[in-house]
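In what comes next, chain A is part of two complexes: it sits with chain B in the first one and with chain C in the second one.
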Partner chain A sequence: MNSEPWDFPGLLLNMSNGVVDMRFLKFLLKRLLTIAISMVVVIVITYVLMWLAPGNFFELQRVRDAIARVTTPDDPAYQATLKGFEERYGLNNPLWKQILMYLKGAVVFKFGPSFSDPARNIEDLIKEKFPITFTLALSSILFALVVGVPLGILAALKKNTWIDYTAMTVSVIGVAIPSYVVAVFLILIFSIYLGWLPTSGWEGIRTKILPTIALALGPLASVARFTRVSLLDTLNQDFIRTAYAKGGDDRTVIMKHALRPSMIPLVTIIGPQMAYLMVGTVWVENIFRIPGLGQLFANAAVTRDYPLLVTSTFILALAVMIMNLIVDVLYAILDPRIKLD
Partner chain B sequence: MRKFVVGFLMVLVAAFYFSEVVVQLPWSGVTNFDPYYWQAQHILAQGTIFEGLFGYVPDSKSLGGVKVVPAVCESYTVSEDGLTYTFYLRKDKRWSNGDPVTAYDFEFAWKRAASPETPTLPLWASPVQYIKNVYDCKSGAKPLDELGVKALDDYTLQVTLSRPMPSFINMLVLGGAMPLHRKTVQEHPEDWWKPEYFVGNGPYVIESFTPNYEIVLVRNKYYVGDFPGNVDRIVLKAGGLGLQQYLAGEIDAVFITAVGDYVFALKNKQLSKELHEESGVQWVGYEITRSLSPVFDDIRIRKALAMAIDKKVLTDIVLGGMAIPTHAYCSPDSEIAEAVKGIPYDPEQAKKLLAEAGYPNGKGFPKVKFYITGASDPVAEALVDQWKKVLGITFEIENIESGQFSTLQWSDFVPWAEPGVCTIGGPVNWQDSGSLMQTADHTFWYYDYPAEVRQKLYELREKRESVLREEGGKTEEEWKEILNRAQELWEKWQEVVNSEPDEFLKKYFLLLAPGELTFIEQINKLYEEWKKATTDEQKIQLWRLAMRAIYNQEYSLVVYTGMNPTNREARRLWARILYSPYDEAVEYAKKLQQLCVDLAYEVPLYVQKVVYLAKPYLKGIVPYKFSWGPTFFLFKYLTVEK
Partner chain C sequence: MLRKNKTESIGYWKAFWLRFKKNKMAVIGGVFVLILIALAILAPYIAPYPYDEPHYIRAFEGPSKDFIFGTDALGRDLFSRILYSLRNACIIGFGSQFVVLIIGGILGAVAGFKGGWIDKFIMSIVDIMFAFPTFLFNVILVTALGRGLFTIFLAIGLTGWAGMARLVRGQVLYLKNSEFVEAAKAAGASTFYIIRKHILPNMIGPILVNLAFGVPGAMMTESGLAVIGMGVRPPMPSWGNLIGEGIGMMMAFPHLLIFPAVTFAFTLISFTFLADGLRDAFNPRSEIS
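On to the complex of A and B.
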């Protein structure tokens, strides 16, 4: 492969003596720099898009709340409110200056207040809500792995039997049905007809079960399919045949030899799945009334709350990029071929 | 053994008598508990966690289903010129920490709202906007001491307004009029509203708050006054699927907003018994687009359109029964609607009128449009269908972007619009006199002129906008010219004012500009400022302001010399509505709504229902119907029957 060395951190990771190679640090630094530049690009694009989009927070509020009736543009009450609003948020500055000011704040993770909640800073809101969304996403991905991997293995081992077909049909359905539809069905069945679990909330373990399942079903299906395909692929390889030839039984060969290499492709999909999950939380949090980031961000989009909207894009983009970085590093650790090369 | 039994019985009795009554309700949109922000907390502030000088009590016939009555205020007097209010406060009211509620708490809160240090508090949502010198205080030009509010002693509050506002007391129920606990706000200026610091004077206080999740309210043990309910603890839950939470028994009442949910509840044996329906406050209908086209100038055409509509089809079929037809610009069961006679559904008469106007069976009728926004508008489709069937007129539905659509609905002239109609509604924020017309005032502001006057007004408006991009006023000569022109306009204006026989219109409307100064005072003030100005930028800015004032004055002149007689009559009534106490204003609103209905520029069609489910043991629910609603409020009425 003609790739630059930093594309393969595994080459640079000297795991045998536990010491991190200098070249690995260089790789890391380079990736972090790329992330920083990408973040700037993301913010600029978001700002320009918002600037191009018609309608703004103030106008929407004005129309909805009938300020249009009590005030005319020359009305002092309207003028005073608008002026205070613009000054507070620096909206009277040109766009480039607004972007620079935002970037300056973003470096130290300070985003100022949102339009709809002028009394509190966005970073405080995020600090308050991030752990909730993170818990939800993490528990969903764990659930997806714990259930998805065995399901995939089972399907692979019982290839072309009814078990395989059932498992794969279920996983196709899982991929095809969006989490918010699953969520509603789960609520109907488990909360209303059976009455086993609460419909919503975020206290104690019982409220967390349904949202975790609803969110996990999509990734679970992907994980199961990937595991199946990957395991089948591995089972066809020479070293498996050798293992059998050496007299290994099914259990030993599969658990000791086939499973680990089959898991490597899984790592690559976990990253994007995690990002996909973050988006999925917007729906699931709204349905299950979970006070996380998803709810906050959804509101921002609806009300054109620009500071919050930019920050939500910022946080989601950052999450995806960091996730990808982690996956790259993990990939190197897991794949023995890359390491030994 | 006997001891044990007695103990057990005592515990049982205690549990029965002292068991907490908890009600769980849906509620969302609260970001903090500062009542001065125009967020959902202002509803909670109105008589639940705060109590103003005045407050709402339920009253089904009034606007929004509520009536304004004294709360912290015991009595009040108004000076003869209508400018000075003196409020005498009740002496028994307490904050939730036991401190007495005094006039100083009101003074402090209102000065805080007028302070330059709180730029994001929306003044337009607070009665503070009517207090003398408020804008000078807000901009920092005058010290806060000059704001027209002063506590004369612990229980006497004196307020001076910048101009008469007879329904001022109706604004004193709003979140933007609440007293604040001085000590707490001074100690924690940023987060005094957090549950750990919060001190309120309403029947409930906040026990805990998780944003976007849950608010827990408990009784304020220091609350004195009317408390009809019996609920000790209210859990307000934000978001989620309301109906499902209700079905699972997690909340005790819920609003129904989707037709699917409504039909489900109606068909379900148990739920249909728990269903409550009331008419909402916002009317919805259509209005003629404000293009310069004369197509709809003929009243016969406008009436034909209105008569061709079967509102029952709209409300029962298109809107799935979640709306009620209305003939006036308000809920059909309100006292105003009872006095107004609507345009009846009469297809034959509609056809006849259209033929008289020169378009038998719609033949030769010009191309017209029905503007909509969003994915689709079933109401628009139904209207277009009815007009096609009854009158033979084809409205082409055009979908435009939401920002453009709001311009179409609210701007005075929309030159890019083609002749046609769009939907319009009348949102209401609170119950002052000015709210009584609910957007029906478009009729006399924008429509009721001869075509050539409308053209002239449009040109003036364009000039007024373009002056913001022009430069001028750097020399003394230019200003002399402005002053001369202003003088000339002012004299002509005096003629208009003097020839107006109606005292109300004359006194309140024609003499005063929207601000605190008359037109000529404004110009002179700008000129004085110009003389002191040092930079070109400042000078140009002042010149622009002066030119805008001139165009505004010219605009008024054209309006009052060129309007139709019905329009003049409408403005007289409007002046009476604005400058009468609320109860009298209602009487004038009946007449003015009738006038607007008859002109058929804006045609009311229906009012959305306010529908909620409540468990049978829950009584005393008061729905809040104004902006930010529907939701529940006035929680002190909530009663759980054991």
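On to the complex of A and C.
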């Protein structure tokens, strides 16, 4: 079998021989350390901000109660409830101790109960909601790749024709419009005007189509643009000219020689796109009323449910950072010329 | 006939303009952006009604002569509310980019000029900011600072400067070590003179492009905050609010969803096409002809 340079990924080779590349280990360790530091910094900043913020969750509840004429701040019953509440969530501790206790819990994935649902621990909520969000994000990135890559290839091969111009104009628009606006247009067309698909929910395959497309359109546009540029770039290289000189026709040269090396850099944009997707789930889940992590995060922010807000931020951010790391490692494995640094 | 080989030296801005005006989409985008900015500034004079004035007996009306985009649940004029959404989006878009320019510009310049541990320290903050999903941070900041126009653009600016810092640092490093700066130094130019005459003018292009993309980006974030209920406090309208409200009533009154979504998409696309055109036009390697 013919072998191309990219058939011998340096790192993978070393690892498959049972010899783990030391540079690889060092890189991995450094990145994991950066992730850990980032998470600690973020948690500390979040805690400080919330400590500075006027009005806590309990205040908000009290306002609601006051409207219902249940209790007033001077009421001893109110004072007792407040005290019990503070003790329950450790709010009577100094700030640094609260942060330390949270970090200690986070290491073993224990976050305690949230303000709004004292009966349930947050980690159980996360375990229930994370798979929904992850499925949504993963199916969107797959959709973006499956449609975006062929679209980019088509635009590159038909360069400077109306197909290229249309594809690229559409992709600029796809990048310019956020997923919540795309979601609105999809709902207007497919749910209201045509009546084909439901507007909300997360049961059965039919409810999953619109949110997936809404979330995928931005990354799809980026993937198409990137694929086009990358393939055009590859087609200008010397080895492609050689392949043509050896008598290869368009089909052979593109399929056998140009496509693969031009796809490898695509891996680099999947990382940022995954980050975009995870954040996009916050909007899309709110618009389609999908009971995922994004909705949990938004609800936590609106109700000032601080433990839940910190933890859902923590989990979403951690997911994004870990996926970025996986993508970087994958890229180094696919392209041995890349130095891990 | 012998053609006189006359190579005219054209200035930076003239070359920019020649490149920019060739890109039709960018020019159209730029014209629309100018119109939108004018509408935003003049909103209080153009809006047929105050954005929060209810007309209860005329609630949920479709487009008519009195209300060209129809009315919402309280009978407020949707057109006026969209005009004010545009105004707010512009305030937040430009305001946040001003914050980005100040913070990112200063930190990037300091990192680039000073180098050493200061550079390392600033860049590691930038790395963390880059790795962390900005929108989540925005939500937390807005939760803490409150939901006013000023606090929202401050929050977007405070979380969005990492790209600018990296850009400015890169430019400073590149220009600092370039030959023409070395020549100026050799000729005895003062540091201030070099910064003013050589470094700043050469950085303006990339910085403007970054800001041009930042404006629609900030508008997106602002409306994204409003979609999840963390935008400017009602009755102040925002596209995100209007879309969020429209979703709830889309079956019965689709005009409440269509007009905000279409106008918002139109605004974002105009700004993005302009930014795209600026990027190509500031690239000295793209052709002029």
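Here is the rule we go by: the second predicted complex is superposed on the first by the 301 of 341 C-alpha atoms of A that agree within 3 Å, B and C clash if a C-alpha of one lies under 4 Å from a C-alpha of the other, contacts with A are read in each partner's own complex, and residues count from 1 in each chain.
Rule of thumb we're sticking to: contacts are C-beta pairs under 8 Å (C-beta built on N, C-alpha and C of every residue); 3 or more make two chains touch, one makes a residue touch a chain.
Values in this document were obtained by computation on a predicted structure and should not be read as measured data.
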{"item": "Partners on chain A (chain B, chain C) - clash or fit", "value": "clash"}
{"item": "Which superposed partner A:199 touches (first chain B, second chain C, both, neither)", "value": "both"}
{"item": "Contacts of A:287 with chain B and chain C, given as first, second, both or neither", "value": "both"}
{"item": "Partner chain(s) touched by A:189 [first = chain B, second = chain C, both, neither]", "value": "neither"}
{"item": "Touching partner for A:142 - first (chain B), second (chain C), both, neither", "value": "neither"}
{"item": "Which of chain B and chain C A:88 touches, first, second, both or neither", "value": "first"}
{"item": "Touched partner set for A:119, first chain B, second chain C, both or neither", "value": "first"}
{"item": "Contacts of A:296 with chain B and chain C, given as first, second, both or neither", "value": "first"}
{"item": "Set of chain A residues, in rising order, touched by both chain B and chain C", "value": "54, 184, 187-188, 192, 199, 286-287"}
{"item": "Complex interface listing, chain A residues touching chain B", "value": "54-55, 59-61, 63-72, 74-78, 80-81, 83-85, 87-88, 116-120, 125, 128, 184, 187-188, 191-192, 195, 198-202, 286-291, 295-296, 299"}
{"item": "Chain C contact footprint on chain A (complex, rising order)", "value": "34-35, 37-38, 41-42, 45-46, 49-50, 52-54, 169, 172-173, 175-178, 180-181, 184-185, 187-188, 192, 199, 275, 278-279, 282-283, 286-287, 297-298, 301-302, 304, 309, 313, 316-317, 320-321, 324"}
{"item": "Residues on chain B engaged by chain A in the complex (per definition of touch)", "value": "31-32, 34, 37-39, 119-125, 129, 135, 138-139, 190-191, 193, 210-213, 237-241, 244-245, 247-248, 250, 401-404, 406, 409-410, 426-429, 434-435, 439, 441, 514-516, 548, 552, 627-628"}
{"item": "Partner chain A, residues of chain C touching it in the complex", "value": "25, 127-128, 131-137, 139-146, 216, 220, 223-224, 227-230, 240, 243-244, 246-247, 250-251, 254, 257-258, 261, 264-265, 268-269, 271-273, 276"}
